[in-house]
Structures are given as structure tokens and as C-alpha cells.
């Protein structure tokens, strides 16, 4: 068979075809609301965040200190054994400088970029990271390997959520700028 | 191994477009009908049907496998949907292979569909809710973040620049000029990619494949039936799939070990010892340009960290030593998720039959591979095809 | 060549209306751990894994992402079947029959209590152009079907209510069941009108819970256990999703799936060969309609068979001794999982107070609920 | 049993709330576009005929789902049909009570194998029977937008 000689389906429309009602359409806003059960591990994780602490779970078989905490070890396939507080400091494993919001809309010219990062938390097993945001740092100064510390909401504002940590900020002065090509963000 | 041999005997595809007027059912029918026609079969001949389609959140129908059934040719037949996130399209013929290799079916119709344009204001919005609802979604992430995070880690680990990676986009969008389904084929330069809007550094707009509507289908047959239907069956010689932990932030983001695990499974089944030599043409998944490089390394088609250099040297061009994404890939043909994976399988099918027209790679390839990847950067699906 | 596939281990949490003390992960881990212990196998030794799940019931755009950890499937060949557990079972069966997998674990669960508005979610499955804009309750589709079924078979709403009475009473003997009760037909008929002839108590209420089963090829199965429960027949079928083109009286999807399963199992006379059955009773009339489609009753005679007591716990062909969906709870993708669980426990002789004596062949059947016309059938034996 | 530590205080944070914040705009497809253009502009229904399978699809499809052949021509099937089955619905999709119970029916369009699911109007519950002949009632033409809501329902056929 030869795709070039086949008549292919798929009728392309322009967004203006929708706006000018050239094709019939119908709209729907689904009401998809949830109340997910936290369970033991995440329930405790959130409760500790409210207290300004990060808690992990330990597996005595593989000796991993796991974050986010879980009541079972997915590798040893057995219950985890104990709770362990870890630090609210860590190392940037990787990061991005985001100019796009979750719905693909662009951040305004006056809005600072968002700086999501994977942060390996001190005290957890090496490599155990969480996704969070970076702050109080110039986007051009962020580097992989940078040491950071959590900046918490005020105790009275905390609700038991991952957002009880506002962001992570550099612990020491940022490393000198690298001049490598494509480094401008 | 004494397993029943299974062949791809027919294929069909629609154009990939940003917004299709057709419903998902209609797109599915267009691709399925073309696939059956291509091997001279009617729907009556089909024993069983399997459908691959990614999130319900795109098409906007709960249980969309059920909704799409009539367009996929399922009427009063054994019909099932399978789903491994973005890896679905390459998993589709694997699920079909289960049907035929098990002896349950002699002819299985495999359909893949995605209609992303129904989702507003932008299909990206559906990706917020792929993140953990409690520990991640409150940070309002986008899908692009996770790619940006992975791409940055990959660049840092191997010292690769954005320009090295942009070459993939240039190559694939160029290759797609020869693909009749293509949505975003164009001749561009590395500078164009680097100058395009920065969405989430290091990801620019032209590093990314578009949102698309489209469908694709293949017909699988048992050996006895395949030999009767065609003198150019393409055999499914190896299948592999693997999923890594959902705790994605705890993984090594620089290397896709789930792709390696899936590839090893497929290579073992196909008896492939040296993939870089034995695979003649490959279609790894390229929803983002760095992903093609990442996946080439996971597939062990080149040493870790070397894919960018090989791309720069033209090794992966259509006339290179190991053509990668001669179709134009997701970056050029478009990316209706599940349909893209199956488009890649169809490209290898056509390449091995010598029927890829202007896209045909030189040297009469006899062994090819398609790969897709999905979920939270954790699912790998691999299929190895041979023409004899 | 693989000749047979057996179930070598099964585990469950049981089923409750809500499960606020565990996350979905913790709930599923419990079922998986029990299944692997039951089978005497560790997940690291298992060849492949399948989860049966639909995105929006989980509340994720891509629910597949979250399937591996709690079933021990990290870096293992794993897939989601957005379908019923029995369709996943069919996939697992086929995987083993290819010869490429010796063992496959299959998981299904329901956390339906976490969905704030389950009716609206079910309505989101309607065709967006032709049906959904009417904003009708999804149960109206069952109401339409019930009217037509009653008309074609001269069955009354009171007879349908007797299904509820029987199944909720059966559930009283089942420690896994969430909705056991001693009620009368009058209670059903007097319950709130939802979409007449359907009343509130004709509709199975949703429940939470998880089930994991381990399959193995014949040789492996016999090495792992003295009593594998063999998969003798499987069938699955999808009729038209277009409501307007549907045959409203007959459950053709169940008839065709059953024909496929009977053929595979070599069963010519189902009513004579099947010892007991767990069939879909998500709505009361569905049990009767499905009995006829499965050829366990002649057309129009299911209600009479019910009234004769033949389908009750001590009858000739007990149906839904577990309590069915009406007594155990509606489990969405895990519906078939609960039915397979019941078959395995009965065929192993481990069903306790609800054990049916001397059973060798059981049938499980599911339907995927409104607005679908998809169903699956599995036939298991202990011989 | 499965995990060694259980939630034992019902004052711990027990759940996390969220939603899937998306919305949709659906095209009608090639067949749906033709069908609802006919409803909007002409106040009639279209079907699609497959001669090979001797079946008339209402609503129309661009393909016959039985034999998979393309159905190129849509035919006017009129607006008269009969009650194939019905239900008296008391609830809306979100589970809330309707202000009044509505009779929802599957109307099989005369001479076809399909039809429309819509409400019966101008008839009491006790008067409805399977087989009752009915005809469609539409919104006034200038209020029709091209959608299932252009149909107000079906009423007993006036002879």
C-alpha cells in the first residue's frame, strides 16, 4: 500500500470556524469533584506539614527512608516500619523556568516566571525528591545541585497541605553565573 | 520459543489535524476501514477488536472506549480497550498480539484514536490532573514542567545543549514533509527552534509536538491467515512493556530505565543481541525533541549521552546509518497520542515492505522498531517488527 | 503450548460503603499482599500485571500512572484495561496462552465513595451530542430498558423487587458485603421513585474495596497450589453504543459473550452444567434479563424461576449467593472481581456460611453499566 | 493486617478535595452536522440507509457499523414515530429532583431501525403505552441553534 495514493480521512477546521459558527458544536462543563481519602501515610504527611515538619517512612528491609511517606514498600512489597522526620532542606535535582500556567495560558509580562524543581530532601534516601517551587532567587542564578531550604507559611496560615511550604530558597549565595550558551532563560 | 507467529497485514490512518470536524467514532472508522480495505478484508472477517486511546479527559467522554466502539468496528464483537497513557499507541499492537498469539483470534483489528481538540481552553489543561492530587496538584503544575525538569537533568548529566536537541525537531519536521498525514511539517532551522517562544525553560515551543486529532489502525493475523492474505506480511517478533514507580520525583530523570526494561523484553523475544546493529530503522516516541534522544539511549541504539552527537552527525537522518523517525514523528506528523504510537508502527510496517514512498529509507531494511512512552515519564512500550 | 490457565491466588479487602481510613494505595496493597501470600508467590516473580480502571472514577486524567506501586509492579510489564475485571482477566488469560508469561496478576478496585457526584460522572459517559444535553439521570437508561424488558417478558416490577429481597438476604451471610438486609418487596416498591419503574432499592448502591487475583499456566499453577481454579471459558462482547439503535429488551452483549464462553468451555446445556452463577444485578431487573441472555432461564421465565426458589441459596441453580451488587455493593470496574472472588471461594469450598455444597462449575457475568452495552462472562471450575 | 499502622484518630486530616477542571466543545461530526442542520433548518430528521444490511440508521452515521461500508447519502425519515420504551424520570443528571417528573421515551422513527430519545409532552403517565404513535415538536425555527434541545419532545400523533 502507498499512503500517498490513499484518500485520508480527517477534515481540518480552523479555530475561526468555531467562533464564526461555521460548524455546529455543543459545550459541556463536567462537574468532576472528588474527596480523595488520604489514608494513613498521606494523612500523617499533611498533618506534619501543618506543624512545619516533613515526615518520611522507613523500610527496614531495603533501609530506604521514603518520601512522600507510604505504608508499604513498593520494592520489598511489605509494610514499612517506622516514621522518620527528615530535614526541610535539600538539593535541587533539576528545575525549570516556567512562563506558562497549568492551562497553557502565558504568564503576563509583569508576572515573574514560576520555578518548579525536583528537590532531593536531606535526611531521606539519596534521590528521594519531591516536586516543589523555588523562590527568592533570580532565575538566571538557579543551578542544579544548589542547596535550598523550605520557606514555610506562618503557622496560623498552614492548613495541612503541600502548599504549607511556600517554596524553597537558596541556603547560600548563589553560585556565580555560568556563561554557557543557551543558558539564558 | 514455539509461539504462534503474528503478522501485521494491513494499515490505515487519517490525517493528523489540530481540530477535526469528525467525531472520534468517525475518525476511528476512517482509519479502520482503510486498514481492512488495504488487506482486502471485511468487518465480518474480524474475530476481535482492541482499541487504544489515551485519557478520557481529551475526548471528554467518560469510558470513551465504550463510546468509540461502533466506529472501531466492535459491533457485537469481543472488544476491549487497553491503556498505558502516552505509551498506548505502541501497546495497541502488543495487546492485539496477545489476542492472536494466544490462539483466541485469527484476525484482530487494532485501532488507536485521539480527539484532543474537544478539550478547552487547551488540551494541556487535562494534564494538570495527571499529577498526584494531594502532594503535587496544589502546586498547579503543567505537563511541560515535567518535561522541562527531565530535559534539564538530561542536558546537565551529559553536557548537552539546547541546540544539540533542537536538531531532532528540525530533522523530524523536515521528514514529515513527505508524510501525507502530517500536521506540522516544515523546513526549519536550529535557530528557529531556539528563537521560538520559551514556554518552560529549557523547553521552547518548537521543541514540542502539537495537540492533534487523528486515528490509525492495523490488522493483525495469525501466520496461516497472514500468508493467505499477503505476500508481504510484517512479523511481530518482539514485544516489551514496563512501568516505573509513580513516585516520579524519586527516579533518575536522566535515563529512561523503563524503556530499557521494555526493550530488553522485546529484544529477548526477538533474539536481538546487538540492537544498534540489528535494528535497521526505528521510530522512538518524540513528543518533545529531547525525548527522541532519551529513548534512543534507553533502547540501547547508542551509548548513553551519545544520541545528540549522532543526530548532529546525520547518523539518524533518513539516509543515515540508523534512520530515526523517518515518518516525521510526533514533532512533524502530529501527536494524537495513541494514534501517534500506532502511526509509528505503521511507518515501520511500510518501511519493511518497501512501501514508504518518498520516506523510504535506503538499504532494504528488514528489522525495525517502534517505541512509545507514557504516563508520568514512566511507561515504556516497544515492538520489534521483521519482514521475514 | 500452554493448555490451561488457573487462578492460584486471590485477595480482597472486602467491601464497605466508605473507606476513609485508607488511601486507594493502602487499600489495594492489602488486597495484593493477601493475593500473593495466598498464591505463595512474590510480585518480583510474577510475569505481568493488569489493573482494571477508568480515569474519572479515580479522579485522574491518566489513572494508569498510579497502578504499579501498590501491586508490586515497578519496572514490570503492566497495563491498564479500562474495562471490567473480567475483561482484564481475559487479557491475562491471553497473555499466558501466548507462552510469553507464566503468571499474571490482575487488580481491580473501587473508591467510588471518593467521587462527589457519581451520577453526574456516569452521565458524562453519554454521547455528548445526542444524549447528554438532556441532563437526564443515567438511571433513566436503565428505566427505559426495564420497561421494555418487562413488556417483552410479561415480568412485573414486583417480581423484579424479589431479586432485591433475595440478594440482600444472601448478603447477610457474606462478611464481605456492605448492604445485606432483611427487606420485603413492599420496601422496594415503596422506596423513592428514581426513574419508574426503577425505585431507589432496585439500584445497587456503590461500595469501595479491592481484589487482586493471580493467574498461572497449568504447570505453574499445579506447582503453586493443590487446587487451582481453572478458567474454562471466557467471553466478552460490545453491542452498539448508540442508544437509539439498541434492542432495548434483550441483553445481546451478555448472550453473545456467553455463547463465546460456553463454546470455549464445551458447555452445550448451560442450565444443566452450571452449578451456580454470580451475574450482574446492578439493577434488579438485570439479574432476570441476564439469566435469560445466559440461557440459565428461557426467555420470559427468569422471574418464574426466581419465584420458584431455584435461584435462591438452597435452590437448584443459586444466583448471587454473595448478595450480588445489590447486597455487596456496586464496584464499577471491580464488579467482575467480586464475582470471580466469590466463584473462587465457592469452588475451593472456602465460602463459610454461604458455601453451596458440591459445586464444580461456576459462572460469573458482568455488564459495564449505563450507558454501555458491554459485558463479559467467565466460567471457572475446580476440576 | 496489610500495613502495620492504621489511622486511629478521626481528627487526622482524612481527605483532600479537588476536581478535574476542564471543559469541552464537541463538534457534531460529519453525520451529526447533517442531522442537526436538518433539524435546525427544516424541522425534520435524517437517517442513513445501508441497503446491504437492510438497515436505516437514525441518527445517521457515515458508516454502517455492521458491514463497515461508507453511507454516503442521508435520507429524510420524517418526524413521526412510536414509543419503543419509556420511563418516568424524577431525577436530573446530578441526582437532584426534577421540578416535575418527565416521561423520557425512546421514539422509534417510522420505517427506520433507530430514532430519538426525548421527552413525551401533552400526555399523562397513565396514557403512555408502548407502540403509541407520536410526532416531534420543535422550537420555533428562529430559536433553533442546531442541537438536541431544538426538539421540545414528542406528542401523540394527531390524525
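Think of it as A, B, C and D in the order they're written, each chain with its own count starting at 1.
The rule we apply is simple: a contact is a pair of C-beta atoms (placed from the backbone, for glycine too) under 8 Å apart; a residue touches a chain by one contact, two chains touch by 3 or more.
From a predicted model like this one, the values you see are computed outputs, not experimental measurements.
Simply put, of B-D and A-B, more C-beta pairs touch at A-B. Here the spacing of subunit A and subunit C, counted between their Cα centres, is 38 Å. Centre to centre, using the average C-alpha position, subunit A and subunit B are separated by 26 Å. Rounded to a whole number, the gap between the C-alpha centres of subunit A and subunit D is 42 angstrom. Shared interface positions of subunit D, defined as residues touching 2 or more other chains, are 2-3, 6-7, 14-16, 18, 20, 22-30, 32-33, 36, 61, 65, 94, 147. Among all residues of subunit B, those that touch two or more other chains are 19-23, 26, 57, 60, 70, 75, 118, 121, 125-129, 132-134, 245, 247.
Annotation for subunit A: residues 11, 13, 18, 23, 26, 28, 30-40, 42, 46, 71-72, 74 touch two or more other chains. With chains as nodes and touching pairs as edges, the resulting graph is complete, every pair of chains being joined. By the touch rule above, subunit B contacts subunit C in their complex via residues 1-4, 23, 54-57, 60-63, 65-70, 74-85, 91, 95, 97-99, 101-104, 118, 126-130, 132-133, 239-247, 257-258, 261-262, 265, 269, 374-376, 378-379. By the touch criterion stated above, subunit C contacts subunit A in their complex at residues 19-27, 29, 32-33, 36, 42-44, 56, 59, 68-70, 72, 74, 111, 113-117, 120-121, 124, 128-129, 132-133. Looking at the complex, you find that subunit D touches subunit C at residues 1-3, 6-7, 14-15, 18, 20, 24, 26, 28-29, 32, 36, 57-59, 61, 65, 84-95, 101, 104-106, 113-119, 130, 147-149.
Those residues of subunit D whose C-beta lies close enough to touch subunit B in the complex are 16, 18, 20-33, 61-63, 65-68, 70.
Against subunit B, in their complex, subunit C makes its touches with residues 1, 54-56, 59-62, 64-69, 73-83, 87, 90-91, 93-100, 121-122, 124-125, 127-129, 235-242, 252-253, 256-257, 260, 368, 371-372, 374.
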